[in-house]
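So the structure is just underneath, and the comments pick up after that.
Chain lettering (A, B, C and D) follows the sequence in which the chains are written, and residue indices restart at 1 in each chain.
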Amino acid sequence: MESKYKELKRECYEANMELNALDLVIYTFGNVSAVDRQNKVFAIKPSGVPYEKLKPEDIVIVDFENNIVEGEMRPSSDTKTHAFLYKNWEDIGGIAHTHATYSVAWAQAQKDIPIFGTTHADHLVADIPCAPPMKDKLIEGNYEHNTGIQILDCFKDKKISHQEVQMVLLGNHGPFTWGNSASKAVYNSKVLEEVARMAYLTLQINPNAPRLKDSLIKKHYERKHGKDAYYGQK
Amino acid sequence: MESKYKELKRECYEANMELNALDLVIYTFGNVSAVDRQNKVFAIKPSGVPYEKLKPEDIVIVDFENNIVEGEMRPSSDTKTHAFLYKNWEDIGGIAHTHATYSVAWAQAQKDIPIFGTTHADHLVADIPCAPPMKDKLIEGNYEHNTGIQILDCFKDKKISHQEVQMVLLGNHGPFTWGNSASKAVYNSKVLEEVARMAYLTLQINPNAPRLKDSLIKKHYERKHGKDAYYGQK
Amino acid sequence: MESKYKELKRECYEANMELNALDLVIYTFGNVSAVDRQNKVFAIKPSGVPYEKLKPEDIVIVDFENNIVEGEMRPSSDTKTHAFLYKNWEDIGGIAHTHATYSVAWAQAQKDIPIFGTTHADHLVADIPCAPPMKDKLIEGNYEHNTGIQILDCFKDKKISHQEVQMVLLGNHGPFTWGNSASKAVYNSKVLEEVARMAYLTLQINPNAPRLKDSLIKKHYERKHGKDAYYGQK
Amino acid sequence: MESKYKELKRECYEANMELNALDLVIYTFGNVSAVDRQNKVFAIKPSGVPYEKLKPEDIVIVDFENNIVEGEMRPSSDTKTHAFLYKNWEDIGGIAHTHATYSVAWAQAQKDIPIFGTTHADHLVADIPCAPPMKDKLIEGNYEHNTGIQILDCFKDKKISHQEVQMVLLGNHGPFTWGNSASKAVYNSKVLEEVARMAYLTLQINPNAPRLKDSLIKKHYERKHGKDAYYGQK
């Protein structure tokens, strides 16, 4: 009998393969998931499988309490972080996690990525937040679950919305990104990596480079995402 | 009935695809246009369309007052900047805009790119200008139109000619380049990106690297563009 | 008559070609070997052969005293280093040596690579050691043999285990990596190069970036390599 | 009637195409020549022809006095530099000139590339020299011929041999490399670019990185080029 999650698995599989095609991962690094809100489950990459060997049927279906609903393989070791985010952010459709080079470098440097230009402002109006490394107790406890808490706390502390800022750096670790679909989450991972690289180079050229001014931030974000947006097709 | 702009659309389409092939853009970033001086219109990439999906017939024909003359899709959100430049610089044939990494980094750093070597001098005899970010009133107003004004003002202030310097950085945004054809505009985007990368590395190796001396600037530019030029085929 | 080492040569050949496919070498740089513990021999790349021309039958079989057991060609000039390591570390199955760019840069800078993040901690729990350049007497003597001694001394001095840290930088030279197979040794070369690049960028962004804290080092290493590891498939 | 230089043209053509395949040039940048000592002529790339359009029959045959011996097209604008070097260094077989990024960056920084490691020492035992920019009078005169003089003067001043050091940076311009064949000259261009990149990164990691010590320089060069060399096949 055909799985009722065949389409969901295919979406998840394709988003994972795109992560690989976009040079955001090597070997088994990284993972993407796609959610099915109706059935309260998500599809996620199996743990430790190289992208070249990944098949749609390897994708694992997990519910928001981290129970495996369908699949022969162990899900990604980061599964609990995905589950936590899906449970708490009820409007997101996909999540991606990579170890992309420039994103990781900023995470290891434990610095927010300043908004320096319109490439950044076309996608979000704030600095890209870097959540501080977790307290030891949280690390030793339910680590991947607590990673999710750490992300939510960071957004609360900085008073930013996960709908407007669809990406975060985890201090010493790397980026998580999300969006209304798995494919959009991967898109955000690629944009983050490119913005991280541009910001890095900007500071090398001019250590005193100023943040983008508010009027330009607003203009570029509004023309793409505002109610009178004129970027893209209707 | 076949469009009278079929050739123009093809030229514009191919120049846009070259932008992508040369790794100067990702996703839907960037745009190229090609002008038809006789009919006072130009062909430009539709807004927000990924390069892999772009077809010659998607290209939009626009006049210098920003009216759509032919095409089903919305033109690039930067269309007004293109129109303004075509109207004011009557001898240019094509315009390209990218978010290429090193070009954007210099624009975000708000620095002119100093002329450090003959690769630069083979193409232009001045530093590559970085126009300052616009005043808030201009940003909040007719933004893309005013971007064109900003470029022209920059060239007036610095007393440089758009025929000799076929490229500019917009502070906090990125590069615009032009030339006697759309293809030449794309060529200039690629050269700019390479020169931007070389200048970046030069300053990392030697923060006190001197500008190229005048005799060498003159020699390299003259052998390629002077009246007794001996670079290339007759 | 077919060689009894046909399988070993094929393993060695494929690992060498992977080194090339992963962009870790150019021209004839680098070499990989695979050991046959039962017969006390190893298979290694012939010296100075470009990867595009390498064939499985070119691979040379050498014993732990550096005698050629089978093969028409001269083995890699680094053969004695491989022999020494196989002899002294009786549990390793393969060794790789590259001149990969970022790994070499750290070796030339004569710096250990600090553990800055979880990408690093997923693979090893210590800084990646950089062995100091050899004393002149050792260089002028049996150089490649002494290179092996230098590596072992470095691990003794720093009190680290070659089972936990499967990679080393040789000061002014470049990386050696190993593992339970030739293919795993190549994997470690790629991971080292990526970690070297991330650490380089981290320090450019934040010269005071802190080392990863102990709890996170432990957590990430344990979830992949500990007795209750939950990364990968059972 | 078939050209007597057909083989020479083919060698030159293939070396030029290799320059392109190795990512050392873009567009029409760079050029390679191959000499025929018996007939006192050399084959060189025509000026300003993109590599994708280059054909073996486009290659121009020039004598050491810069007269075109065969060919419909104008030879490279750097032809006189090639002629001068062939005339003065009677044992070289090919010359390559590129605008490869890291090589150019060092040339623009007007710095010799310090010998930091064995990748460098495997190929030459000295710092890679950067010739100072020419005096104005020489630039305004017979520029490309004088470029050859500048290279020879640099080798005389620094007391280095063109047989041992088969590469030079021209201040503010870029690299010239040579060898016993056109293909070897291209090889040297690639090695130079890689060594330039490693040295750049080394100094970013450790601004006080020490030069390679003499015993290691000697060892690595000798094992590859000395009378008892054991690198490569007999």
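Just so we're on the same page, a contact is a pair of C-beta atoms (placed from the backbone, for glycine too) under 8 Å apart; a residue touches a chain by one contact, two chains touch by 3 or more.
Just so we're clear, the structure is a prediction, and the values are computed from it rather than from any experiment.
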item	value
Taking each chain's C-alpha mean as its centre, the one farthest from chain C	B
Cα-superposition angle relating the copies chain B and chain A, to nearest 5°	90
Rounded Å distance, chain C centre to chain D centre (Cα mean)	33
Residue list for chain B, restricted to those that touch at least two other chains	204
All touching chain pairs, where touch follows the definition stated at the start	A-B, A-C, B-D, C-D
Touching residues (chain side chain B, partner chain D) in the complex	116-119, 187, 190-191, 194, 197-199, 201-202, 204-206, 209-210, 212-213, 215-216, 219, 223-224, 230-234
Interfacial residue positions of chain D with respect to chain B in the complex	26-29, 46-49, 73-74, 77, 99, 101-102, 104-111, 133-134, 136, 139-140, 143, 172-174, 200, 203-204
